[in-house]
Amino acid sequence: MKTKLSAENLNISFANKQILKNVNVNFQENEITALIGPSGCGKSTLLRSLNRMHDLIPYADIQGLVKLEDINIYAKSIPVTEIRKRIGMVFQKANPFPKSIYENIAYGLRINNLPHDKTVIEKALTEAFLWDEVKDDLKMPAHRLSGGQQQRLCIARAVALRPEVILMDEPCSALDPVSTLKIEELILHLKQKYTIVIVTHNMQQAQRIADKTFFMYLGEVKESGNTKDIFENPKHEMTKNYISGIFG
Amino acid sequence: MQHKRFKLSSIIEWGSLTGTTLIVCFFLVVIILEIVFKGIGSMSWEFISSIPKEGMTKGGILTPIIGTVLITLITAAFAIPFGICCAIYLNEYAENNKLTRIIRAAIRNLSGVPSIIYGLFGLALFVQTLQLGTSLLAAGLTLGLLSLPYIITTTEEALMQIPNSTREAALAVGATKFETIKDIVIPSAVPGILTGVVLTLSRAAGETAPILFTGAAFYISDTNGYINQEFMALPYHLYMLSTQHQSIEEVRPIAYGTALVLILVVFLLNLSAFYIRYKFRKNEN
Amino acid sequence: MKYKIRILLDTIFKDIFKATGLLVLFLLGGILALLIYNSISFFMDVKPLEFITGMEWNPTGKSPKYGMLPLILSTTLVTFGAMIIAIPLGVGTAAFISEYAGSRLKNILKPAIEMLAAVPSVVIGFLGIVVVSPGLANLADLPNGLNALNGAILLAVMALPTIITISEDAIHAVPKTYKEASYGVGATKWQTLRKVIIPAAGPGIISAIMLGVGRAIGETMTVLMATGNAALIPKGFFDSVKTMTATIAIEMGEVPYQTTHYYGLYALATMLFFMTLIANLVGEYFINRFRKYHAT
């Protein structure tokens, strides 16, 4: 297994409040890694630091290294847009552009100067299990799709850019169980091509899809390892309490 | 007895609030009916399409209509781009620091500055300092300055309605901040921005005080509006016909006609703004 | 290469946006500088005390008089009259819209108020001449009705939309729990409105009134057309008055540039600027207090 993405001694504070403390993590290629932990433990902050989504927050202070293979993604010489093209992101609440379904996929391709003809769009939508449902309505505004469809459209939008890593921030938290299962199936399918990091509050979800699980608490990674080991044999008392639902 | 008193007082109570509301509505009705009924007699295609004749006692109001359209266009051309850019700065870029707070306070104060003071400022800046003379351009720019704070405020409100997740979506596919604003944020905010712009322009079109010394003319014989010359405008025309004309009683029908055209223009602009807002809200749900 | 252009555009536009933000500061700074600079020129010729306490405004007389007292009293009288009319009407209407009107009626009333706000001031002034003035002349048996009362009525109409809209927002923002608590102890709707809702919305209503005052003080065309414009110390509502705004509007068109009279009008404008500024700042203070109070 090859390490695709890693963070070394990562410390992040917002307006002098430390959110992440000395985080060291590795994400392996073609694996799904779940970040779990109680609200406010810093898992979303960690996720968003992996494609520089904090860049626009003026009071964010980021120390340490985040590496995509051997490139430091925070290096001055690396364009942030290039990083975000290679490391895609799917958000908690489906956020399609207020444009047509077609344009939702085409936009990212166009600004990145990539081909954006219909075959590319079709491929992305197919990969996100959405093509059959929307192939006749590509001109329809994306916000008319159901919540689950919108989220798959967002995944298609990320996939279309052929990223190496896809970051997912609780992608199913706003969806019903049926849509959730469909997206989980999709995520498992995507792992053949991409490295996936997913933040989730749903313990069952982590167990169903993740190869590795990292448990975070108060800005630190307390425990990490194979999902099976974490859930069946947690080393820390705190991890055990969290996954059994005693707190969180 | 107790019960009866309670009932009577509650009728008075309800009546007093209904009464105030009715009086306010009565004002609006009087304004509209007075202008419509007395103005409709002067209305004709001829009135709208011909220039004032015989010392403005005859003929129509084409010249002031053209002047009002042109000055509103100049106002729009100045205030819309500047106002939108400033709103973008405030909502998308500005940090919450001292400078930003000062800019916001300045905008709030500017929207409270009396329009006559804008007229003085336009006179000093455009007419005298920039040597534009009393002209359509100077007056249009003066109205543009007056409109600026309203356009900024309404545009910023429209931008605030766009959720941050929409911006993040664009950034996450590799768009720069400018591309995010240009391609995603602004197009989503267009209905809100448009509503504010149309309302602001309708206000500008009806303004008189700022154009008093910056270019509005009592009378010009030429229908063509030249940007560097004085012009006639509907609100000023109405003011002049009702207070300054040598035979005020004789031109009263023309004054009513002018008032009718002016409120029609303003109401139509307002109605179109309501329509945009209504359609937009409907689409959202 | 393409990427470099994108980044360049990103930086250029960031600067353009920021520059327009600063333009607003220059605009306000420019207005202030103009007013103060010309006022200073004025006070080189006329003593500030004479300007502030002078009982006569007659700049074109043989010995010009620059006392602004008649003008400031005119403005005050007309504004005061306008508020006496507009406050009860405005607050009553706001309470009706917020508390009594059904949603269908609301959907008619609210656009109606916006329509009233949209009527150009020159049209209101025109109606002052053709409707209010003959009406007042008949009622009070005067030669004409171009006086302070006429101006006050018109300014009330102009200030009403501001007062109604902001008061209604304030009344609407009073937490529902207050009302429920009041009904819970057996109060009627009216008692709740008077004893609970209006006091709770108080700062918001005060701010609505102050913004209405600011609007009335600064309004030019209506008072210019409907108050008769006699620059004398007014003794009552049936006297003709000449407000500060009307004075500037009338005299600026005729005065030669850079004379004492010209500067005097700027000094008047400076007074006007600060009067509206104070009204607006007080309004803003109360609206902030209201928001803070109900924020939690």
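Lettered A, B and C in written order, each chain numbered from 1.
Everything below uses one rule, namely that a residue touches a chain if its C-beta (ideal position, glycine included) is under 8 Å from a C-beta of that chain, and two chains touch if they have at least 3 such contacts.
Values in this document were obtained by computation on a predicted structure and should not be read as measured data.
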Message: Edges wherever two chains touch, nodes for the chains themselves; is that graph a line, a ring, a star, complete, or other here?
response: complete
Field: By mean Cα position, the chain sitting nearest the middle
entry: B
Field: Chain whose mean Cα position lies farthest from chain A
entry: C
- request: Indicate the whole-number Å distance between the mean C-alpha point of chain A and the mean C-alpha point of chain C.
  value: 54
- prompt: Counting in whole Å, what is the centre-to-centre distance of chain B and chain C, each centre being its mean C-alpha position?
  reply: 17
- prompt: Centre to centre, by mean C-alpha position, how many angstrom separate chain A and chain B?
  reply: 48
- prompt: Mind pulling the chain C residues that touch 2 or more other chains?
  reply: 6-7
Field: Junction residues of chain B - those touching two or more other chains
entry: 176-177, 179
- request: Among the residues of chain A, pick out those that touch two or more other chains and give their numbers.
  value: 81-82, 111
Field: Residue ranges of chain C in contact with chain A within the complex
entry: 2-3, 6-7
Message: Applying the document's contact rule, which stretches of chain A touch chain C when the two form their complex?
response: 79, 81-82, 111, 113
Field: Touch list for chain C against partner chain B, complex
entry: 6-7, 9-10, 13-14, 16-18, 20-25, 27-28, 30-31, 34-35, 88-93, 95-97, 99-101, 109, 111-116, 118-127, 129-131, 157, 160, 164, 188-190, 211, 214, 217-221, 224-225, 245, 248-249, 252-253, 257, 265-266, 269, 272-273, 276-277, 279-280, 284
- request: Show which residues of chain A lie in contact with chain B when the two form their complex.
  value: 51, 53, 56, 58, 81-82, 84-85, 88-89, 91, 93, 95-99, 107-108, 111-112, 154, 157-158, 161
- prompt: Which bits of chain B are touching chain A when the two form their complex?
  reply: 95, 163, 165-166, 168-177, 179, 183-184, 187-188
